[in-house]
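Dumping the structure here so I can ask a few things about it.
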Amino acid sequence: MTTQTPLRGVVPPLCTPLTPTGEVDTDSLRRLVERLLDRGVHAVFPLGSTGEASHLSRASRQTVLETVARTVAGRVPVLAGVIETGTARVLDAARAAVDAGADALVVTAPLYAPTHPVEIAEHFRRVRAGAGLPVFAYDNPATVHTKLDRATVLDLAADGTLAGLKDSSGDEGSLRRLLVALRRRGLDSSFSVLTGSELAVDGALLAGAHGVVPGLGNVDPDGYLRLFRAAREGVWSAAAQEQDRLAALFALTDAGDPAAMGRGSSALGAFKAALHLLGVIDCPATAAPQVPLDASAVERVRTALVEGGLLAG
Amino acid sequence: MTTQTPLRGVVPPLCTPLTPTGEVDTDSLRRLVERLLDRGVHAVFPLGSTGEASHLSRASRQTVLETVARTVAGRVPVLAGVIETGTARVLDAARAAVDAGADALVVTAPLYAPTHPVEIAEHFRRVRAGAGLPVFAYDNPATVHTKLDRATVLDLAADGTLAGLKDSSGDEGSLRRLLVALRRRGLDSSFSVLTGSELAVDGALLAGAHGVVPGLGNVDPDGYLRLFRAAREGVWSAAAQEQDRLAALFALTDAGDPAAMGRGSSALGAFKAALHLLGVIDCPATAAPQVPLDASAVERVRTALVEGGLLAG
Amino acid sequence: MTTQTPLRGVVPPLCTPLTPTGEVDTDSLRRLVERLLDRGVHAVFPLGSTGEASHLSRASRQTVLETVARTVAGRVPVLAGVIETGTARVLDAARAAVDAGADALVVTAPLYAPTHPVEIAEHFRRVRAGAGLPVFAYDNPATVHTKLDRATVLDLAADGTLAGLKDSSGDEGSLRRLLVALRRRGLDSSFSVLTGSELAVDGALLAGAHGVVPGLGNVDPDGYLRLFRAAREGVWSAAAQEQDRLAALFALTDAGDPAAMGRGSSALGAFKAALHLLGVIDCPATAAPQVPLDASAVERVRTALVEGGLLAG
Amino acid sequence: MTTQTPLRGVVPPLCTPLTPTGEVDTDSLRRLVERLLDRGVHAVFPLGSTGEASHLSRASRQTVLETVARTVAGRVPVLAGVIETGTARVLDAARAAVDAGADALVVTAPLYAPTHPVEIAEHFRRVRAGAGLPVFAYDNPATVHTKLDRATVLDLAADGTLAGLKDSSGDEGSLRRLLVALRRRGLDSSFSVLTGSELAVDGALLAGAHGVVPGLGNVDPDGYLRLFRAAREGVWSAAAQEQDRLAALFALTDAGDPAAMGRGSSALGAFKAALHLLGVIDCPATAAPQVPLDASAVERVRTALVEGGLLAG
């Protein structure tokens, strides 16, 4: 299938369920995807940061993409995350994504070498020319260590290089200016802006964003879908109330001890512990070298789920 | 006067008009303040980043505070910005603010030495104990190089150390979690959260923030007041539309050439050029060592004002 | 061959010559390697940052490793750079390096996801266990965005996980403390510390470092070899004089316009332009998406080579 | 007295002894200064980062300067640290330094507002013009959040704006290029480069630096003086051996628990605890809001002093 233009709605960045020995647990992954499709998500996004893509081997990444594409079977678009250090490596990954049946790519700027806006634009143009799939730019300065500049994104939207943007920059001021500029140039009906700021979705939708990519949507897709629908209907107080509830639930990402593990390990471990407690996946393991949550951390996740109304107390 | 509890509304961080030789232009400052009070702002905030406080001598800072306090004469609260490197220096500045007649202080974490959340909490407690005025914490990691952590702010809200927070961190996710936590603990009726994210005010108010501290509010107070009122009345589409207009107007801050001056010089120079073009202040000079806007940059500011409907074409 | 214990000397991080269409130019690469071996370098390090590894496809990387290993043919150790985002990907690359005939790996901490010292230690232990080759840690916070902490490196040196460290952190104080600690624990005869601070090599060798990994060593291996020998013989004034000359020559890395390209593109483009001007490689192209040096920049490289005594004026 | 041209040698950044209630302990400060002069230091530098200047009130800073200037009484130059957020504030502090009898100023770039090299150059030019004292630039990106660029420093050295540089940037490559450029332009006999990288002093002196500003020199001036003399005499192995000993001793700065206090508090607390244990100052208190060292941390400082040969076991 092709992605609608522009993509709108709730697009969970899929967790990657693993077995205790670190292999991709394809049964659990299928269950996760089916659950999300049942609830009504508008697309799925495997191999993003939430999918632990940076920690997975080439074979595991391919297994994830193939499993997701087969499970989805055209019901919604599959946006394949590509986390690679440079253009040629992105093109390697893009070929694999095409083979697996992905519908679009979500691609960061070069990760490792110091770079420049001109080089970032060239990067996306080469990826678009070589990949054979629509390309979403993935702006996540906390991990990419570069902020995509607004002028570059506008240029790449205007010339058709990019189909959209996943904005996890947290720079809502710049995002607002981008949204206003896209509308002024008539690009908001062809270019999709998806926010990754999963605790400020009501504000982003009010500002004109087309959708959201919420990691917490793995755990509570209904919440984000209610939020999105309330916003679409203009019932902003209901959208805000739902966002408040999700913001409280997000406390589960702090389950891990920050002195003993990375904050990524805590957040991803918490999402997986929650999915395990909810019976969606068989094993809450995260990929090496991340530190697993201990029993008390899992208990904190359980408490958050109970308080959030997702699990009986 | 005392600050209402909690402070709500539009609180412009005042520009500091200067003469061509770099002295505080008290006549222009009075006109700026009177214009803002006429329009209906809810408080004023001299000596913030927008007021170029970090570039002003002690005597100039005192002149600013005294001029503002006398002009306001109790009509709204005067929140005095305190940008100092450490606790003892903040207390020096607090005494001067009390002498000048300020109603509250807006204080950053220590600026220069590497610090720690425990030390930041101690800092605010000592400031509160020694200053004799209500204290708002000023969270601006772009200039302070420390992010106030949510747990510290909550503690300092709960024990009455802080009267509020000016959040310019841009971390809307953390802000949302703070707002939810404050409400859950019943602190939102005593502790005021003012956003400094002046291009995402609609979202912040939807999330429960009490008000906004917009630099652009020096230039277009009516816009922010309309936005605040629309939000208070729950007409969110109108709030968003006003925010969109203001986001477009904000383009004037890019007037300066980024290769030739700091972005602060460009933004502050643009605010002052706009106030000069609007006839509010006599001279658009910024404080040394900032680079002044050249004629073509001023022309860009004029164009933005015309496009924004603030100046006849 | 196995690496000597500990590795000492001058270890150039090899440039990767490319054809005009971006393929690995294996003839030029062989000439580059032969020239360096002729001059007497102590090992070679393909696929580091200088080798543009982050910009090369999997096939290109494999071509580089195979070409280098075959050309070297056991005369010196081949240290294969591994720039990958996480543990499982490093292990993918390690297998390829073993297949190509590398003697050791040079591996960074995880690149993309937020991490923690405990996770970094686990990363290196898993790489060592799975790779089947000695592992050098590559500390380059400017590109990896994590600084390896001294305690972790000491632990991994003591338990045999790491064979050495390539330190490009620029933190000479921490490096000094590491060197002192290694000597106190008797580890300096088994663990090799190679500095990547190519303009402070005299000081690093005086401090006890075992060698240097100089990008500029592609262009002027004789300089670094003279510097190393002077240091080994304790003629420190001669070492310093040689370092001064090389520091002046290093100005060639500024050939590119910083407003028009990344500083990496400028430095790597300059190394390649120099190798091209010296007749070592056929084409000075850098990998996409880097901006190529223009004619005036190449002229600046030529001038630097002439002033540095490497090219007739 | 005037500063020699260029200043050479060991220039300790003075600790500021405090009473238990946080006042400047002028008796202890006099003893500290006398001890350093007795040992033979070449200048003293009150009110630097080591002097906790960012944490001291205006009155305390003035007491420090006056006490130091009177105690020194012209025997060596007194370089007054100026840690202020902007140009006008530096000029306020410069007048106070002149009044107190300082011989030169050590001044950072603007601290708070985003800035630009052109503005930094203007800042130093205005300070030089207005201060009436020689000016050393203080490059400390860890606290100032700006790196002075080499071209700016060279320009300001060439036109006489700056008398020297205190380089705590840790960027030894850039420092080397600066030293080479200064020599080529004949400026090394008028412009003094002092390294603040107190664990790589042998390398810096080998590279041509004129001296060192070591915080640890408060505790062990003899070590740094031996190191400086060995370097001056070209006995580099002795210089390195002394540096090694000092690097080991520097472990005392890690005495504090990093989870419970800022690293500045740990390092400054350790210097003061050491001076207290050595009988130089009466009270080891650091300025608020810093966390004091606890008893076990002080014990670690004592152990380091014993191991370093400064205290009987």
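Note that the chains take the letters A, B, C and D in the order they are written out, and that residue 1 is the start of every chain.
As a convention for this text, a residue touches a chain if its C-beta (ideal position, glycine included) is under 8 Å from a C-beta of that chain, and two chains touch if they have at least 3 such contacts.
Since the structure is predicted, the reported quantities are computational estimates derived from the model, not experimental observations.
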Chains in simultaneous contact with chain B and chain D: none
Steps needed, at minimum, to go from chain A to chain D via contacts: 2
Between chain C and its twin chain D, rotation from the CA superposition, multiple of 5 degrees: 180
Chain whose average C-alpha position is farthest from chain C's own: B
Computed distance of Cα centres, chain C from chain A, in Å: 35
Interchain centroid distance [CA atoms averaged], chain B/chain C, Å: 48
Contacts with two or more other chains, residues of chain A listed in rising order: none
Set of all touching chain pairs, with the criterion as stated earlier: A-B, A-C, B-D, C-D
Contact footprint of chain C on chain D as seen in their complex: 170-177, 179-180, 183-184, 197-200, 202-204, 206-208, 234, 236-237, 239-240, 243-244, 247-248, 250-251
Residue numbers on chain C that touch chain A, as the complex places them: 22, 49, 52-58, 60, 83-89, 91-92, 110-116, 118-120, 122-123, 126, 142-145, 260-265, 287-291
